[in-house]
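Since the structure comes first, as structure tokens, the remarks are kept for the end.
Chain nomenclature is as follows: A, B, C and D, assigned in order of appearance, with residue numbering initiated at 1 for each chain independently.
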Amino acid sequence: MGAAARFIFRRRGSNGRGKGWHWTDIVTWVWLVCGLLIMFGPAVWLGFSSFKTPAALAEFPPTILPYVTQEVRVEGYDKPLALYEATLEGGGTRVLAEVRRIGIVSQMVDPNAPGEIIKVNIADRAPVRTMSFATENYTQPFVQFDFVQYLWNSVFVTVMATLITLVVNSMAAFALSKYEFRGRSVAMLIILATLMVPLSVIMVPLYSIISTIGLFNNLWGVILPTVATPTGVFILRQYMLTIPDELIDAARMDKASEWQIYWRIVLPLAAPALAVLAIFSVVWRWNDFLWPLIVLSRRELYTLQVGLSIYAGELNVQWHFILAMTVVTMIPVVLVFIFLQRFITTGIAGAGLK
Amino acid sequence: MTPIASSSPASNRRLGSILFVPVQFVMTLIDAPLRALQKLTGISGMAMFFLAPNMLIFGIFVLLPLAINFVYSMTGGTAFFLADRTFIGFDQYSRLFECGNYLDPLSCQEDAFWTAVGNTAWFVVLQVTLMILMALGTALILNRDLRARSFWRAVFFFPVLLSPVVVGLIWKWILQRQGLLNFALFEMGLEPHNWLTDRTWAFAAAVAVSIWAHMGFYALILLAGLQAIPKDLYEAAEMDGTKAARVFWRITLPLLAPNLLVVVVLALIKAVQVFDEVYVLTGGGPGTSTMFLTQYIYETGFASQLRNPGLAAAASILMGLVLVVLTLFQLGIGRRTEGKRKR
Amino acid sequence: MGQIKLTNVKKSFGAVDVLHDINLHIDDGELVVFVGPSGCGKSTLLRVIAGLEKVTGGSLEIDGRRVNDVTAAERGLAMVFQSYALYPHMTVRQNLAFGLENSKMPKAEIAERVGEAARMLEIEPYMDRRPGQLSGGQRQRVAIGRAIVRRPVAFLLDEPLSNLDAELRVSTRAELAALHARLSSTMIYVTHDQVEAMTLADRIVVMRAGRIEQVGTPLELYNMPANRFVAGFIGAPHMNFLRGDIVEHTPGTAILSLAGGYRIAVDPGTAPVTDGQKVTVGVRPQHLTVSRDTASPKVRLGLVEALGAETVVHGEIYGERLMAVLPGQQGYRPGDEIHLDLQAAPLHVFDEQDLRLFSTAGAKAKAPV
Amino acid sequence: MNKKSILAGLALALLTGTAANAGDVRVMWYSDGVEGEVMKDLVNRFMEENPGINVILDNVAYSVIKEQLPVQLEAGNGPDVARVTAIKDLAKHWLDLRPLVKDPAYWDENFGDKADWMRPDGSDQISGFMTQLTLTGGFANKTLFDQAGVEMPGPKATWEEWAAAAKKVADSQQVPYPMAIDRSGHRITAPMLSYGANYIGEDGKPAPLDQGAKDFLTKFVNWTEEGVFAKDVWVSAAGNTYRAAADDFINGQLAFYYSGSWQVANLATKIGNNFDWVATGSPCGPAACTGMPGGAALVAVKYTKNPKDVATFMDWMAQEDIVREFSERTLFLPAHKGVVEKGGLNFETENEQAKAALGTFVEASKSTSETALKLPAWRWADTVYAAIVTRIGQTLAGELPLEDAFARIDADIAQKVKDTGL
């Protein structure tokens, strides 16, 4: 336990001055380590699994890392043969290559001495496995699957929806936080009440509206219903309430028009809340699945999440592709989070959620 | 790491100014007509202008569907478009409420609806209580004098970023009969269990997975609240020799109350709407033990063999009423605490 | 340039009337201070003049033009806010230039005006900082600078010194006065601090509960307060008030009887007084002197504040509280009893409606009866 | 063109999305395996031969076909051609190709016997053709049987015999479950028919569950409770959600798995060399030894703007050699009479077990019962399937006693029939 360990395990034990481990230190570290395992573990496993072959995915017991049976080329055989570790009758084990299997008997040869066939009961052999990454799970979809097109659609939907969300919601939040007018509280009440309408509840009428106004099979049909999110208006309004009214008075005295006040004073000052909304909007829109699936049924319009779902057939699901593409689709979200994460706490703290 | 971190604000600013030029140009362009508009409407009239785009989109894509849904709930048949449907009044509602005994869903005509209602109620109570306790615990721990706090914060927040479908899939692979958890139990010499096909365990799994997916968000809000509590209060308490538990009950909790309220309300709303991740995880099974209201509405109105949009709409209107009650409850509490603070 | 005229101006928020019939005429180049306790409507009046609040009734004219319906931006006024209201995301330079840019001024002229203001206010060293990086005093200068660059018809200042510490407040007050002298433009200044009002103002407008109580130069207000409120508000420490009545009067003389039976004779001038009239007599603490005459009212001392150059004593006289500012160091202790001379002090006599009946110059040699 | 008009054009293009061009044929297609690839190939070949027609293949999830396509069709949206399984339900949306195809007689000759599955009752419409025919049937893990030393029941063996044999195997080989059947109304209908069930009432509407149906369901529930049938599959979802047990079979966790011919390719790739497996056909009941036929059809949609091009495309796809090639490459059973009669399909697999299995299914199709053949063309089949799966699933999860389940199944079906207002 050197300085490094002391540094990492800095503890509170009566404000770090104490000597022993206070019970809260133990709770803290147990909690954090369990948290790390439970929160990150599944995702890591997902990452490794995305490199498994379809057979390895269906396998039980599952492995953490992707393994495949090792194969060797043996003289006299056209195809590479699988290697097994066989337990022989007289005891002792040998690494043998399987030539063919008939019923419960496996015919094997020693790769170094391919002449003699050894018969082994299949219960007495275990495959020799090496770690191998099935990168074709990634490369194949890129070829077959119009990955670039789907990516572009996803990016278009995410960026457009986020931009419009930010502009439209911030305008509304500005009006609701900095103006007195009749109907303001009614508007607020409606927005609050609809905070909680889940999509699946209004899906049927929404679908008929979209198809009536001709937005069916159109990316805008995916974008528009999501942009007037009450959550966004709510978060931004709470934050804007904390911007002093005197600033707006000052700007009015400075001959700024209301529009200028909005975009030169209020928007820059609401940046932390806008960042929070931007992060959430990107995450939401990027991950949207059900609604795009309903609106888009043309290949050239698919978003990544919809594109992914085509691997789910009536009778079979091609998990290996789904996993790999899931990992790919997670990357942008994780990047956005890494770059903007410092805004999240400050933004949430400031966004009137306190 | 260090050089990147130190150079990033500058590069941010540069990037910002590159982006800023065209935006500024557009905004200035818009300004001229808007000044004219402002002359016409006056300053307070501009509020309507700012509100209009949001309200327009909101009206078309949220309020209008809600209104149509109400009309739907008064019509029958399997047709999808309103024009093709026949008006039947409140029959759909009476069908939902046709029950032998309201405490036993199986005695009802629409037993699936009442099962879903019961499941949702249980889920909301369990999930919200447990999640908030855990989020509070996490926030308290993250608020301690930790090394690499932002890393730990990210660890707990990370699942919030995942799509519900991914969350459902991951946990399905972990919890299914041949999943990772059973493998781990097996390796440790314990008896594997079929988690997702056992009614109790499947429900517990739905609660646990949903907590896993959302807890980070609430922990973050609570953490923000904890960090806003002035440090000198704790110092004063220390001077008074107050015990840690008492500090928690008498200082931390009361000062965190507004955040807790927000968290409870948001979590309640979210819990009532539970669908995606549980749907992927259990499909509503085993039997109907994890089928929730939203799934019932989705399947009845959209995904079932013979869809019945009217019945689904009626169910969604009932669900909406519950949600409105929750909102009013929130507004009520919010106002009362605000009032208290003023006094 | 810079005349402001208010005629019967009214302002109400919903059912609440905040300003009642305000009539006021401000001359070009004048520095007028609105003073009054908080909630008296002085800030609202300033915002009404600024155009940030719409008047509900009456008329508001700037340089003879009726501006009731003219927006704040077009009235040509500049305002310094109590919180300074500097744009936190802009540098000092941008803060100063923002208003000028909005009126589409050529860049060169903006730069010139900003530079000039910066020189005048000595804020050049931190022109590229943001407000968050400035001290309170620096921010205050920037706020004034932002007003100056606009070359407004008039400056409106809303408690601009209230966020500064005491020492800085005094020096900035002097600078403001100098600035006014230099710019010689109209300024309207709102404060709740009567010392600020007295030191800065050409004329003071004393307000209470949405009404103007008195308008006048500082000394007019000090010497001839129109009512008991103004008398009590102007001057520090505030004026002592003693209950009394007029026991008898003849032209040129009125005998006042104070509580405890102590009587003094004063000259009511032409004021209409009647025998038996109940009055309040005001006397400033500075005007009280110690008397050796044991017939003078006896005061039992409470708190004694020895300030070095003067001594402030708090006492009680016939059941009424009284304060006196005595020159030099007196060496009194709480519990001591002293006699104070009322006769020599200028007195202000108010009727039952608290309106001023008359003031005496003091030292009117009439022997007590 | 100045900047503004470019911008305006761009905006317009973004707003209107992609409008349908003349000569476009949109095909909505879902895949269970490699058929998407094969189809892509065929489509490319078609476009080379017919340069005026642009076929766009939209690969979608099966759930889109099942859940969203019906809604699109009702709104008059939808693609020009689709690969669909609910072909009877949606029959009113299909285009009549009779006046459009080159040789209607060829269609009648080769696809006539299944044409009823996809047209409105009582018409002689040509809506499309079956891209594949499926037949339900069993698979046995031969290696497990060998290891256990249990004789595999013969071709005419009953469900009871299979259950007994599989139980023996599972007990001796420590396999978690002897048997499994997919969570699907279509799958479970096969043994129910073998037990003498008939869903179709005299008026053509659903009849209440008969004795045959109840007999098998009772046995099934009992077997599941005894651990003969895998419980997981049936309780791992609510409602009528489909679940396959293929993964358990692939992992050697089952001795006998009842699914269908479409699993052959899947099993071949995933099981590989791990164990030997055989297709067994459908076990017998007292009434029959039938499997359930089914399949997916490629149909033309009425709302197309280019019916002529659609017909050209359909004609091309329905050619005998194309159908043959499609079947050989996808390992699907063909539904083309000519192809079937000529036989000699050379399935493109090196896996001898897969070839043998496909042979078994072709053979088994001959014992398909009359009722089984009627069901795919029956409008209410899916309704009955859904009710059975939903309620039996609840029974297996312990929520609903079997008797109540029977009552609920009848009530559910009656309610649905009433809802449609027919």
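Here, a residue touches a chain if its C-beta (ideal position, glycine included) is under 8 Å from a C-beta of that chain, and two chains touch if they have at least 3 such contacts.
On a predicted model such as this, the values are computed, not experimentally measured, just so you know.
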Pair with more cross-chain C-beta pairs in contact, given A-C and B-D: B-D
Rounded Å distance, chain A centre to chain C centre (Cα mean): 65
Rounded Å distance between chain B and chain D, as computed from the means of their C-alpha atoms: 38
Distance between chain centroids, defined by C-alpha means - chain A, chain B (Å): 17
For chain A paired with chain D, centre-to-centre distance based on mean C-alpha positions, whole Å: 33
Multi-partner residues of chain B (at least 2 other chains): 43, 80-81, 178, 302
For chain A, residues that touch 2 or more chains besides their own: 60, 207-208, 252, 257, 260
Shared interface positions of chain C, touching two or more other chains: 71
Chains touching one another, given as label pairs in label order: A-B, A-C, A-D, B-D
Chain D contact footprint on chain A (complex, rising order): 54-55, 58-60, 82, 98, 101, 103-104, 122-123, 144, 207-208, 211, 215-220, 293-294, 297-301, 309-316
Of all residues in chain D, those that touch chain B in their complex: 63, 66-67, 70-71, 74-75, 89, 176, 231-232, 235-241, 243, 247-248, 251, 253, 382-383, 385-386, 393-394, 396-400, 404, 408, 416, 419-421
Touching residues (chain side chain A, partner chain C) in the complex: 244, 246-247, 249-257, 260, 264-265, 268-269, 271
Touching residues on chain A, where the partner in the complex is chain B: 7-8, 10, 12, 16, 24, 27-28, 31-32, 35-36, 38-40, 42-43, 45-46, 49, 60-62, 167-169, 171-172, 174-176, 179-181, 184, 187, 190-198, 200-209, 224-225, 227-228, 230, 233, 252, 257-260, 262-263, 283, 286-287, 289-290, 305, 322, 326, 329-330, 333-334, 337-338, 341-342, 344-345, 348-349, 353-354
Touching residues on chain C, where the partner in the complex is chain A: 47, 50-52, 71-74, 77-79, 81-83, 85-89, 98-99, 102-103, 146, 150
